[in-house]
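Next, two complexes with chain A in common: one pairs it with chain B, the other with chain C.
The block that comes next holds the complex of A and B.
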């Protein structure tokens, strides 16, 4: 069983003048097993920094991060805000490039491309696909490495509303089939409610403000009344937090 | 040497829509026909051995080609240029890679490369003869020196063009440095190197031919000099014509190869 364990995580940035800005301030978070956890928070609450540290792209100042799958290090898949495909490689080659395990990768790649509805476009180059299709390739790529843990950084934020709704449905379907441990960063509360088992709300200053359990049956549709009610409730709490953050920013002298 | 680096290879070129007009090749051919006609008329007016007409030159072109002399001498020139270009790639790739990765090395190499690229072709030719004497070494070294700046500067641009986001993607998926070089750096650089090769090749060949004029036993430049010494103006023009035709063919061949190699740039139709 895979797990992400974060304890006492601190991240400071230093500018050239030596001034310190604390972006994450003692985050404690544990995600275990087949759980879909969303990290939401206002701008500047350190969501993406947290994900980058968990993935190893960024270093941290203090604390511990551990990604385990049983008694070994977990294998990680990552979906970025933008597709980040190699433009000079075909869709198939892009999926091939990230494989740790060469055995049967072609079947795995085909399987996940089929699941995102692009099974017939494996020989295309990224420039020959639309933005939504490229992002779907990015999702298939992350799943195709059979990750123990899947990290996603606002993967639908650059897409139009219709496309992102379709992709959310694709994502939930693939997740229900493969059941990975997911850490999903988003600024979209409605998206978080639709997809998550748990929502972790970060506050400005980089600490956990609250954790909301989402106990709704799957698959969920944005139009389900229960989903809509919870979305409205979480959104109201989120707006209070954002208003507080805006007030705090206004108080800081320029 | 103002165009050492050609325009950045554009990703996703789109076809511009223009109103219907005569195809480009027809217009270019028209220009060629007009120029040849003007040459024919001028030659008829002068009516002297120093100004042979197009037909006379064409006859010599056919003779030189049929006799096999064209193939022998072009092969000799091209082998020397390719050898020189190979040397230029050996030196230019690491220098360009270093320049792309380090600001210090970029500053360090920029002046020597600028000087190399701006030395007149004649100087190279004369020094090639003085240092290496008559033979193949001079033209080879000279074409290498001419091509190095084109290769190095374009490789540096290619390295600088690599998207940091792609590098972080590789890191997130745990790719090895060797994988990153092979699948990210090399393809990114290739597009730029290709531009460098196209320009560098044309430049290197001109200077190489000039070097052959002064110090070689065969090759296109040598044949032009021999025709000059024997006052065979028609032969000089015939060799020059063959030289131009060969350059156009090579340039077209490289362009075709480029569009095959970089099929990934094509937009969604």
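The block that comes next holds the complex of A and C.
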């Protein structure tokens, strides 16, 4: 069983003059098993930084981050905000590029491309695909490495509303089939409620403000009444937090 | 106020059209026609110069002279000597230039230290290197080889440094996030990212080096294409001189069209899909 354990995580940035800015301030978070957890929070609350540290892309100042799958290190898949495909390689070759386990990768790649509806486009270059199709390749790429843990950084934020709704449905369907441990960063509360088992709200200053359990049946649709009610409730709480953040920013002298 | 009827949108029956891609034949014929037009224009201008001037030999006379050079063994012998020097100098320039270019691309210190020198190297005409090496090394194989090296080096450095700086950092982060090995990153991210600029580096280096080689052989050698051109120049025989100019141009065009062009198209195929 895969798990993400974060304790006392601190991240500071230093500018050229040596001034310190604390982005994450003592984050404690534990995600275990087949759980879909969304991280939401206002701009500047350190969501993406947290994800980058968990993935190993960024270093941290203090604290511990552990990604385990049983008694070994967890294998990680990552879906970025933008697709980040190698433009000089075809869709199939992009999936091949990230494989550690070469056995049966072609079948895995084809399987996940089929799941995102792009099974017939494996020989295309990224430039021949639309933005939404490229992002679907990004999702298939992350799932195709059979990750124990899947990290996703606002993967639908650059897409139009219709495309992102379709991709959310794709994502939920694949997740229900494969049941990975997911850490999903988003600024979209609707998205978080529709996809998550748990929503972790980060506050400005980089600490956990609250955790909301989402106990609703799957698959979910944005139009389901129960989903809509919870969305409204979370959104109201989120707006209070954003208002506080805006007020705090206004008080900081220029 | 009158109501205007909006005509219905035109409807299409049958399967959706598939986007048309240019055929391979069409992609090859276009550049070939352009090259043909360029050569024809050059020959036309030459013929005009023959008719209007009295000091320009005709194409036929020039070809005859080239045949005579071939019959006497001077053509291929001198071409071979020049190619030998050219390849040696160019390979060393590519190796050293790539190493320095990578260093400039990766290190701000190296970039600051080498940029002005490189710019000076780019600005210096090849004739300067040819004269300098002749004075340094006299009449020997080292003069043309070092000239080729010096003429090509700055072009390689500049283009490789530019290529290294252009490796997309977001793709390197993808590789890191998925734990892709360094070897795979070099093969599949860095190498393709620098391929275009590398071909440009080789292309400019070849032109500048070939130029330098001819000048070095002109001033400081007793063999090679440049020396043979000077031989006919000193003899005041324009047909002989022009015959060697043709060899000079033919080499550059052949390398560019037959070797570098296809390599570049192959490496950057993904851009034109």
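Just so we're on the same page, the second predicted complex is superposed on the first by the 254 of 254 C-alpha atoms of A that agree within 3 Å, B and C clash if a C-alpha of one lies under 4 Å from a C-alpha of the other, contacts with A are read in each partner's own complex, and residues count from 1 in each chain.
One rule holds for everything that comes next: a contact is a pair of C-beta atoms (placed from the backbone, for glycine too) under 8 Å apart; a residue touches a chain by one contact, two chains touch by 3 or more.
Just so you know, these numbers come straight off a predicted model, no measurement behind them.
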Superposition on chain A - do chain B and chain C clash or fit: clash
First (chain B), second (chain C), both or neither touched by A:130: first
Which superposed partner A:55 touches (first chain B, second chain C, both, neither): both
Touching partner for A:86 - first (chain B), second (chain C), both, neither: both
Common interface positions of chain A, toward chain B and toward chain C: 55-57, 76-78, 80, 82, 84, 86-89, 97-98, 100, 125, 127-128, 145, 151
Residue ranges of chain B in contact with chain A within the complex: 11-12, 165-166, 168-169, 171-175, 179, 183-184, 187-188, 190, 262-269
Chain C residues touching chain A - in the complex, by the definition given at the top: 170-171, 173-180, 184, 188-189, 192, 270-271, 273
Chain C-touching residues of chain A, taken from the complex the two chains share: 55-57, 75-78, 80, 82, 84, 86-89, 97-98, 100, 124-125, 127-128, 145, 151
Contacting residues of chain A [partner chain B, same complex]: 55-57, 76-78, 80, 82, 84, 86-90, 97-98, 100, 125-130, 145, 151
